[in-house]
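Shared between the two complexes below is subunit A, which has subunit B as its partner in the first and subunit C in the second.
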Partner chain A sequence: MIASLRTGLEATFKGVEVTDREDGMMFVLAPGESIPAVLRYLREHGLDHLALVSCVDWIEEGELEVVYLLTCYMRNNTDYGPEQRRHVLLRTKLPRESAELDSVIGIFENAEPHEREIHELYGVHFEGHPRLIPLFLERGYEIPPFRKDFDTRQYVEKTFGAIPPVED
Partner chain B sequence: MDRNQITKWLKSPAKMAHKYSLHAVYFCTGCGIIEIPPVITTRWDAERFGVLPVATPRQGNLFMITGYVSLKTLKAIIRTYEQMPDPKYTVGFGSCPINGGMYWDSYNTIKHLDRYIPVDGWIAGCMPRPEAVFVGVTHLWTLIDKGKADGYLRYKRYYAAYRRNQEMLFGELQWPPLYPTEAEAEEARP
Partner chain C sequence: MAQISEIAGSGSGRELELYFGPQHLGMVGNFSITLKVEGDRVLKATANPGYLHRGFEKLMEYRTWIQNFPMVCRINVVEPDSMEMVYAMAVEKLAGIEVPERAQYIRSICLELARVSSHLFGLWAYSNMLGFDTPAQWAMYHRDLVLDLFEELTGGRVYHIYLWPGGVRRDFPKGFRDRIVHTLHSIGGWVPDYDATFFNNRLFYERARGVGQLSQEQAKALGATGPVLRATGMKFDIRKVEPYAAYDKVDWEVPTRQEGDAYSRIWVVRDELIESVHMVFKLLDAMPDGEVYNRIPNPFKWRIPPGEAYVRCESSRGELGLYLVSNGGDKPYRVHFRTPSYPHGLTILEKALEGASIADVGNTMISLYVVAPEIDR
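After this line comes the complex of A and B, so read on.
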C-alpha cells in the first residue's frame, strides 16, 4: 500500500518529494500551491483523518513550514499490523514575508480551528477561510507571537511592566 | 460549638458567620484545578473548615484563582469577581497569579493579578498541596477577625485605578463600570 501510494504521488504531482521510513511513516514535501490537490489525493487513497496542522518557523532559511499530519481510521481487526499502519506527514515551505496558502476546509473540515490558530500565531494567511479572526489572543500583536523574531521579554516589559500597582 | 469562642460570637456575630460560611468559587484556570478535587472531596474534605464549592459566583464569597491567568481568562475573572456579592474574599493560588511564575516572560499571561482585582491572600507554591489551602483558609479567618480582609472595600475605594489598569490591557471594556469613577462621583456630589 505504502509503495503504491509513493509511486502514485510521484507520478501525479510535479515537484513532490517522498521519503519513506521503515516504521510506516511517510514524509511528503510539496510546493504550496499543490497542497489541496495532494491532500485530496491522499484522502481518496485511504488517509481519511487529518490529525493536526502545525507550523514551524525556520528563521535562518527565511521560511515557514506548514505541516499536515494524516493518518487513517482502522476499520477491521486485520488492519492492525505493522505493514498496515500508515502515517503521512505532508510539509510545505512558504516564504516568511508573504506566507499564503489555500484553505483545506473543503477537504478536511476539522482544519478550520488549526488554520485560525496558525494564522494568529504565525501570520500565515489561508485563502478561502470563512472567518480568519483570532482564536485565543485578546490583543493585537505587531509580529505574530510564535514567530522567532518576536521578542517576548521586550514585549512583557513594555506591556505588563507599564501597568502600575494600584496601592503602594 | 467551641465554647471558647462564645464571646467572639456575641461581640461580632457577622464576622464569625462570614468566617464559617466560606462558599468558594473555584476559578479553574491552569493546573491548580488538579489540587481542588482532593481538597473538596473525602481525602482532605474542605467542609471541615466550612468551605463549600458553589455553582455560581452569585452565591459565593471566596474566590480562588487556581493557576496562571491569560488575558482572556482575566476578562472572565473580572466579570466573575464583579458578580459576587459583598463581602467577598479573593485568594490567589499558586505562584502564577502572584508574579507570573514560570510564565514570567509569556506574551499572553498577566504577571500580577493584584493590579487588576484586589487580592486578600496568596497561597504560594507550584502547586501548593491541599494542606496549604487549609493553612490559607485559617489565615483568612484571622484576617476576617481583624478586619483586614477588605479587598471588596478596596475595590470600591480604588475602583478608578483598577479600571484604568484593566483598560490599559484590554482597551475599551465591553461592560460599564461597576462603581462610579472619581470624575463621575465628583459631578454627582452636591
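After this line comes the complex of A and C, so read on.
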C-alpha cells in the first residue's frame, strides 16, 4: 500500500519527490501550487488526519518550508493495521521574501488556526483564508517573530529595557 | 465583568456581543470567547487564545537540548509528564539512543500517574463548574495524593523533569512501589462515592446530556483526538495503536462511548481513570529489574545529527505530537508541539458553541477538555 501510494503520487503529480524512511515515515516534497491537490489525493487515499501544519525558516537557503503532517484514523472504529501506521510529511519550499500558498481549509477544516498561526509567526500568506488575523499576539512586529532573523533578546531590550529597575 | 455591546436589532430580538473572558465566572483558564448572542442563544463564537503565549517554541531554539526540559513541561501545567515524554522520545529518535526496559516501565507508570492526576483535575474543573462542590473537593484532594507521590519521586509536585533522554533520572526509592499501591487503592475506594454523588446523579445527566454534541464524522474532520474522539465511538488511542514505553507489555482496554456529547466525554474520562489505576498495578507487577538510564554524551557539548522527527504520544487530552528538526547543532533548529487542546479549543469549540445557550458555554468548553496554556505554547 505504501509503495502504491508512492507510485500513485509520482504518476499523478509533476515535480513531486517521494522518499521513504525505515521507520514508516514518508516524505513528500511538492511545489507550492500543487499542495491542495496533493493533500486531497492523500486524504482520498486514507490519510484522513491532519495532525499538524508547521513551518521551518531555512535562513541560509533563503527559504521557508511549510510542513503538513498527515496520519490515519482507524477504519470502522477498531482497525488499525500497518496500512494505517504510516506518517506522511508533505512539504513545500517557498522564497522568504514572497511566501504565498493556497489555503487548504476546504480539504482539512482544522488547518484554519494553523494557517493563521503560520501567517502571524512566519509571514506566510494563505490565499483564500477567511480570517487571516493575528491568533496570539497583540503588538505589531517589523519582521514575523518566529523567523530566524528576529532576535528575541534584542527585541526585549528595545521594548522593555527602558523600564527602570525597581528600587527597594 | 463581562462586556456587552449591542450590534444589531432591538428589543428581545437584538443581537449582542458578549465578551466571555478570563475573568468571567463561567470560564476556567486564561482564555476568552467572543459570543454573538440573541436572547440567551449563541449565534457565533470566536475563540481568542494568546493570554499565555510565551513563545516557548522560539525560546527553545536558543537553548541546548537538555536545557529545554524545564521549558517543555511548562507548556501543559496540568500534565507536564507527557510533554517531557514526547520531547525525550523525539531527542532519542534523532540521536539514536536506546532506553533500558525497566525505564520503559517506569515511564509508563509515571505517565499513568500523571493521567490520573490530570483526569482528577479535569473532574474538579467540570464538577465544580456544574456546582457539584463536594466531588470537586474530593477530586482536588485525591490529585494532591498523586502529587505527593511525584514529590517523593522527583522532588517537584507539579513540574517533575524526570523523564529524560535515555531513560529516567533515577530509580524508584525504597518502598515506593507500596506507597503507589496504597495511594491508588485509597483513591479507588472512593469510586462508589464519586458515582453516587456525581456520575449517576440525575442533575449531571440533565446538565450534560446533548451538550456540545459532535458526530464522529465532525470529530474526525475537525482533528479531534483523545476522550473527545473516543466519546464518539472510535477506539483510537495512541498507546494502543502505536505503542511506546511499556504500553504493549500489559493488557488493558480503551473505554469508549457512542453519543459524542459532554455526558459521554466525562464518562470516558471516568472510565479511563479507573483503567489507568488498573494499568499501574499491572505494570508494577510486570516491572523487571535492571538499569533505568543509558548514559547520554556531555550535555554541554551534545550535538545531534541533522534530521527531523514527528513523534506522538497519548496525553490525557489526546494526541500530543512533536515535530523536531535538528541541523546538527547543540540546540534544536525548530520545535513545534501538536497539542490536543489546539483543535479542541479553537476549531471544535467554535463549531460546538453555535446555537448553544449561554449557560452551556463553560460546560461545553470544559467538557472538550481544553487547557489554555497548551493552545498558546
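In this section, the second predicted complex is superposed on the first by the 153 of 168 C-alpha atoms of A that agree within 3 Å, B and C clash if a C-alpha of one lies under 4 Å from a C-alpha of the other, contacts with A are read in each partner's own complex, and residues count from 1 in each chain.
Note that in this section a contact is a pair of C-beta atoms (placed from the backbone, for glycine too) under 8 Å apart; a residue touches a chain by one contact, two chains touch by 3 or more.
Quantities reported herein were computed from a predicted structural model and do not represent experimental measurements.
Engineer: Is A:155 contacted by the first partner subunit B, the second partner subunit C, both or neither?
Structural biologist: First partner only.
Engineer: Which partner, subunit B or subunit C, touches the larger number of subunit A residues?
Structural biologist: Of the two chains, more subunit A residues are contacted by C.
Engineer: Looking at the overlay, does A:13 come into contact with subunit B only (first), subunit C only (second), both, or neither?
Structural biologist: Neither partner.
Engineer: In the overlaid three-chain picture, which partner chain does A:136 touch, first (subunit B) or second (subunit C), both, or neither?
Structural biologist: So A:136 meets both subunit B and subunit C here.
Engineer: Classify the contacts of A:167 with the two partner chains as first (subunit B alone), second (subunit C alone), both, or neither.
Structural biologist: Touch partner of A:167: subunit B, not subunit C.
Engineer: Take the contacts of subunit A with subunit B and those with subunit C, and give the residues found in both.
Structural biologist: 136-138, 145, 152
Engineer: Which residues of subunit A touch subunit C in their complex?
Structural biologist: 23, 25, 48-52, 54, 56-57, 67, 69, 71, 73-74, 77-78, 80, 84-85, 87, 89, 108-110, 112-113, 134-138, 145-146, 152
Engineer: Under the definition above, what is the set of subunit B residues touching subunit A in their complex?
Structural biologist: Residues 70-72, 75, 100, 104-108, 110-112, 114-115, 118, 154, 158, 161-162, 165, 168-170 of subunit B touch subunit A in their complex.
Engineer: List the residues on subunit C that touch subunit A in their complex, please.
Structural biologist: For subunit C paired with subunit A, touching residues are 49-50, 53, 55, 57-59, 62, 93, 216, 220-223, 233-236, 240-242, 256, 308, 310, 312, 319, 321, 323, 325, 333-334, 336, 338, 342-343, 346-347, 376.
Engineer: Mind listing the subunit A positions that touch subunit B in their complex?
Structural biologist: Residues of subunit A touching subunit B: 136-139, 141, 145, 150, 152-153, 155-156, 159-160, 162-167.
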